[in-house]
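We call the chains A, B, C, D, E and F, going by the order they appear; numbering starts again at 1 in every chain.
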Amino acid sequence: MIIAERKPMDEIKRMLAPYKKVLVAGCGTCVTVCWAGGEKEVAILASQLRLARSAEHNEISIFEASVERQCEREMVAEIKDKVTEVEAVISLACGAGVQTMSEMFEDKPVFPGVNTTFIGMPEKEGLWVEMCGACGDCFLDRTGGICPIVRCAKGLLNGPCGGTRKGGKCEIDPDKDCAWVLIYRRLEKQGRLDLMRNYYAPKNYRAVKRPGRIQAAKA
Amino acid sequence: MNKESNNVLVVGAGISGIASALELANSGINVYLLEKEAVIGGHSASFCCKATDVCSQCSACVVPDKIKETVSHPQIRLLTNSTIRRLSGELGNFRVTITQKLQYIDQERCIACGLCTEVCPTDPKAIHPSFAEATPFSYVLDEELCLRFKGEKCDLCRKGCPTKAIKFKGESKEQELSVGALIVATGFDVFDARKKGSLGYGRYPNVLTGLDLEQIFTREGCLKLPASGVEPRNIAFIQCVGSRDEDHDYCSHVCCKYAMKLSGLIKYHNPDARVTIFYIDLQTAGKGFAQFYEEYKENIRFVRGVPVEILQTASGELEVRFEDISQGKVCRDTFELVVLSVGISPSKESWDLARTLGINLSDNGFFAERDSMNTNETNIDGIFIAGTCQGPKDIPDSIAHGIAAASKARQVLTESASQRQGNQGRH
Amino acid sequence: MTVALSELDTKFKYDVASEPGGENIKVCFACGLCTASCPVADIDQKFNPRRIIRKVLLGMRKEVLSSDTIWFCIQCYNCQAHCPQNVDFADIVKALRNMAVREGYVDPSFVKKIREIDVFCQKLRHEMVVAVVGSRSQGTEGKPSELAAEALKSL
Amino acid sequence: METKIGVFICNCSGTLNNIDFDAVVKKVVELPGVTSIKFISPLCLEEGKKKMLSCIREENIEKVVVAACSPEFKEHVFREVLENAGLNGHLFSMANIKEQCSWVHEGDVTGKVVELIKMAVSRTRLLQPVKMNNFSVNREVLVVGGGFEAINAALQLSRAGLRTTLLEREAVLGTGTTELENLCGFDINAMVMEVKGDENIEILAPAEVIETSGKIGDFNVRIRKGGEEISRKYGALVIATGYQTKLALESKLKSDVNIVSQEKLCHMLEDPELRIRPRTIGFMLDFADENSRLPTLATLNNALAAKRKWGSEVYVFCKNVKVDSERIERLYQEARDCGVMFLKSDVSPKVAAENGKIKIEAKDIFLGEDINLTCDVLVAEECLLPAEETEALSSILNIRRDSRGFYQDENVHLYPVASEKKGIFFIGGCRGNLDLSRVLTDVSSVVVSIYKLLSSGNILAEVERVKVDPQKCVACLTCIRICPHNAIQLVRVDGGKEVAEICDLACEACGICAAMCPAKAITFQGYRDEEILAQVETIGES
Amino acid sequence: MNNCIVAFCCEHSAYPAADLAGKLKLHYPENLRIIRVPCAGRVDLIHILKAFEKGAAAVMVMGCEGGACHHMTGNTRTKERVKYCNLLLREIEADGRLVAMFNLSPNAPHKFVGAVNEITKRIKESGR
Amino acid sequence: MATPFRKILKTKDFVVTAEAAPVKGSNVSKAIEHIELLKDKVDGLNVTDNQSSVMRYPSLGVCLLVKEHGGEPVLQVTCRDRNRLAIQADLLFAYSRGVDNVLCLTGDSIDVGDHKEAKQVFDLDSVQLIHLIHTLNSGQDMAGNELDGNIDFCIGTTATPSADPLEPQLIKVEKKLAAGVEFIQTQAVYELDELKRFVEFVRKMDDKVKILGGIVPVIGAKMAAYMNDNVPGVFIPQHLIDELAQTPKGTGVAKGIEIAARMIRQMREEKICDGVHIMFIGREEKVPDILEAAGLL
């Protein structure tokens, strides 16, 4: 799932400064799940914006809307009417959503209300951790299902760096586990430590040609 | 099943009586809840919340909730101002005669507006809130103060009452109840600290009991000396007043806890306050208490050794003489306020009640349990005991004991009913 | 100095307990009320009733019976009045004194001396109190002895 | 057509004298939806309730607002009136114009009263009915544990007519209770026999719980027994896994000296073949674990026994004697009277081995001097800890523990035996409750609690007062993770999309989930966002 | 709503405490508006923000003492939420102290009045 | 002219290298001072590459200075700052100027340095870097293109014998050995038992590789505690911290030197390893004192 977090209010205020009619657009998928851009966050941002602007005696009128997936043109089309009525849109969807909206409403500025940060999963409620770097060349078969490319602070492929802290914690954060220690333990448990002994040649960082594009063969 | 034999009479509406009543009522049994006072809740309803930044687990906040539930429970019938006169019959079929004193104030009608207190001519007022700090909140009439009981014709409160809740005419009512079982939960008396004359309670205004302190906290929201209204900064607690001595050869279970929690509360309101606790043995066991003790042992001065005498100095301070056992020295120290951590004594009425019901007292004056495996059962089948009338307990333990008594009562009722049915079947 | 418990006379407490007045000594739980209430301990910290009981209980026979402090007690019975466990310290002191004589730690003549001191002190106190009370009511009953008059001046 | 709202105002028999009720009535009558306004006082007494009832009936009122005192004590009174009039009790609000208005302000408060009534009316307009329903429940109970309290609970539950399963990790029941047995004088074997003979009790031993799901009245428990996995259904779970003791000892001490546990000392005392009786015995207490009462009881009992049976010299080293438990003060007195010596010290004594004996060095506060003792046997201090499986089982049950690792969160409302999850209970040692009378009390408490829930085979509860809109739910699991009562679970709607679903029986209607739901998919009748915001938005309008 | 104080009161603690304050006739400012909630945990950011939008001078969220919440975590979660709300207010240059969480027990009417006075003081300090 | 490092590794019983940290700025006089002081007392001068992710004068630059002043330089190459193109280019340049000893390291994380917002590269890791240098030595670049001119680097790498858990580290060492290195320079060690255990492990796989024990003198209990918390891969045992805590004020440096010398002596006398690598950053002028106290001068 894509994880995002709300942008600082300063930035949002700056983006919306020239406008008096704005739509706050939420997205019902990833960003709802990570508490960044669902219906609830839309309402909070809208309210906060209204308060901010009324304190500046620069009233703003705000519409609120959420769609199921902002990265789908058909779904975004549902709120077309609302978009027409406003001068600008602030989208709480991930970068894909923001761009879909911009593309569909080329005459309206669409601003990002969140920073899209990573692909991750919840560790517990309200805490998400990065799990996948979308490198396009999955390595997980060799590492016991633990991705060293994003979960190791240095993205090393051949084992831990020399900086591992006591108890197998990461050099840069004593609260985080060293990915390679995790990999070691996992592979040991599976009796597949030989995988860790293999030499892995430098990675192909062009496995996905940027910008990425996938054509399903079936279609 | 015989319907009346499925009723239970709970004697005493303190926290354990309430717990028993609620538990029984919730499992479908009709409960008479008898209380000799005008209001329910007993001692526990007058305890203050001892939370600082975090809850100190004193459980005082549990009480208003339970009272609320009791008052509105359709299967509990409250009989306030009432006492037991006679008992006959046996398990499954007790006949209890109760006397209900004339209800000068109809609790149903009283809306606690306070107009009666305003017009009452006596000082102190003869009609006043039950205890200002507790929920529910209703008014009581003190026969010893009321002019009518001194032969005068005062009628001010009755006339002033907007809901016509006050009446003086009428008599005590007697009625007979049929119940299957009884739960006795008559609670305790606080040890009368006047009996320890050398500590000056009752003589010196700034020697108080733990219970007094609880009430000051609820009434004032903070600690103030009753006479001067000043916030004291130097306070001593004396443990085991009325516990662990010749006449009370038991530990009262609650005093170390409340003394420490009140100390914590005092320190919370006024971090500069100096609090000293004089003790013999600290009782730090109990869920959640250990943390609390760890936290406060740095800030509270604990002195091993209990004072023998308190003298009031000319300036009104209290000079305390004690032996600091850790140093082996006789010391004198002065305090602005001395709090006596008074213990739990058997209720004065328990002797009479024991005679009326035919149940045994233990040699320290509490109701005797059948044996150590059956602390809710008495020598009479169908009569159970709950809470502090069996021995000292704190609020959680009283509640637990009350619930356990309900459990036992429910069990014997079902068993005796099925037995009766069995007998009937044979006839 | 470290006290080696294993080398002490553990029988001592039973011996004291079998003396008249010493019966309850073992139940002492050291709350300190005896010492706190003691007028002698108040003026001389060397005298500590609670500690004397403690020493007996631990079996420090020689130390207790040969000590000076057991002779300090003035038998005012304050300690007994306050003890929550019914330990009769004043009576225990009597027992200890008897044992001290019996076991030869002190000479019987010494006991006599102590008794004389007690009588003397009582007399002195009595005279002083009479003098003070008398002066208040301006009575004329009896004159204090010289010693008592002298003592009163120093107060 | 807007629903008809009736507003009933009470001046509490004239005690609210700083309100101009005529002005109030004039203002309130204009509020949208208000079709009827009545001034009845006192409203809460029989005559008032009667008038209210007939008014509701006569004027076909559909929802009710009462402006009077606090709902805390009168809400149920008026709800009853509504229900008698055939209305749903939830279509009702109160404006507290007494305790929270008239009585706390000086001077005229008419304006505030109007506003409070407006707030109540605007909330009431949005209210929806909540139905009650009887939910059927499974009447079987699982008791986990095989010790004294577990056996006792099983027997009493069975006596109360509830089928019970007793699940124990060990192969035999009643192990590990020797100590308690000795102290309290009960016969565990007789109890085990009774359990075995009880048709209503099934014993699974050795067995362990490996997974639980479901909620009160309908728990699914997966159990591993002898390599096999079985699935069972229960209406309630009782956890009685007890505690374990650990000797608090310096690790350096060699095992060739006689440092023993209380249990070992018990065995020695009972051993007819014991050749050498220890002359001097030391006990250690209350230094490492100041929370427990049981070690004091054990020490006093064993010290007395050693004194009586062997005539040993007995010394107890401790910080405080824990006497706040039944009969202990007397036992303590008895021990002293027998000649047991109690040496108190604020710091833990030093223990060393010396020539096959144990040398203890400490300061005796009472003597005021350092002392040492050479003893033949030292009964080491025991710390009472949660049983080994506690942590694992708590995560299987998804239940919180207290700061010392025992079951039952330190929340005053959970005492005596409840967990935060309805239908799961704790008794005895596993919740840190460690003396006989308290354990027995626990057992009785749990029996009546479970009886209350399960005996009739069904529970009356509100239907969908808090509910998830499956259309809006994005299955983010937030509510499931945060529900303090574990009342929410993930289900498939018609075998398709996964969404959260609230179990009506387990829900305690706190609304935490409704506040946290990022998709605003959870509604809480009476406290929906709309209803709360309607009140917020009415504030200050007048 | 011209400078009202909106207080969300938990029905287990703050609400009865307010009732008790009434019964004891302890006085507090008239601009207080109490909204009863089943648990402090029900109070959401949007409720608080909307109150400010409507012109509330301050918002109080009042729940049980930490460790005595009927719903275990309701009060602690809301404490965090209120803390976040402070931040949201500070982000828009408003006085974050005007939204505050108070913990009290049902038998603490003085604490209730104290809390109202405290927030009134803060309103004055922030110059509204 | 200094003896080539590879020859020293082969012939000398106990090899001594020291670390030379580049300056921050363009004034290299201090670096030259250190080079002059140390070049004849040690067998190699090891120049750090933006150590601790703090930007400095380049390793290669100082290596050239060492060479110029008649010392034997060891070039450190980390994977953090350069991608595979830049690394290869730098190596070609180094070799062409006579800098032919390379120490391959992963490099500290950007997060510990002074340019925390930089993009860290790690295009390669240290094992891959070793492979890369072998590729260069064989006359090819990574993409398989022929290179003009001969290249023959002496390759070393690092290891952390006191890591916890140790096993994953050892697996990595195995991979480094398999890739082929001539010397291993360990992270600072303070427990010689750990070093012994590590050497034994390496010997089982490769009995030719030379192992230089890492020495970082600690001059105070506070510094030790700080290093434990903040320097990646360093673990100072409590007994050493206690020993340091007991030294009187002002004698910390002397104590640090004493402890370092004691360890070096033991390493040498007990033949625990083949040499030492002394890292006394910021106090390079004290390195001769250590050598003297250890009996290496």
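We adopt the following convention: a contact is a pair of C-beta atoms (placed from the backbone, for glycine too) under 8 Å apart; a residue touches a chain by one contact, two chains touch by 3 or more.
Owing to the predicted nature of the structure, the values given are computational and were not obtained by experimental measurement.
With contact taken as defined at the outset, there is no chain that touches chain A as well as chain F. Among the remaining chains, the Cα-based centre furthest from that of chain D is the centre of F. Centroid distances built from C-alpha atoms place C farthest away from chain E.
In terms of their C-alpha centroids, the spacing between chain C and chain F amounts to 81 Å. With centres set at the average Cα position, the gap from chain B to chain D is 23 Å. Spacing of chain A relative to chain C, judged by their CA centroids, is 85 angstrom. Centre-to-centre separation of chain A and chain D, using mean CA positions: 41 Å. Residues of chain A in contact with at least two other chains: 40, 43. For chain C, the set of residues that touch two or more other chains comprises 29-30, 50-51, 85. Those residues of chain D in touch with two or more other chains are numbered 72, 333, 344, 366, 368, 410, 412-413, 482, 516. Applying the touch definition to all chain combinations yields A-D, A-E, A-F, B-C, B-D, B-E, C-D, D-E. Of all residues in chain B, only 47-49, 51, 53-55, 57, 60-61, 63-65, 68, 112, 114, 129, 132-135, 137, 218, 220-222, 288 touch chain E in the complex they form. Those residues of chain A whose C-beta lies close enough to touch chain D in the complex are 28-29, 32-35, 38-41, 43, 122, 124-125.
On the chain D side of its complex with chain A, the touching residues are 472, 474-478, 481-482, 516-520. Of all the residues in chain E, the ones that touch chain D in their complex are 1-2, 4, 6, 11, 15-16, 18-23, 25-28, 30, 33-39, 41-44, 46-47, 50-51, 54-56, 67-74, 77-78, 81.
Those residues of chain B lying in contact with chain C across their complex are 198, 240, 244-246, 280, 304-309, 321-325, 328-330.
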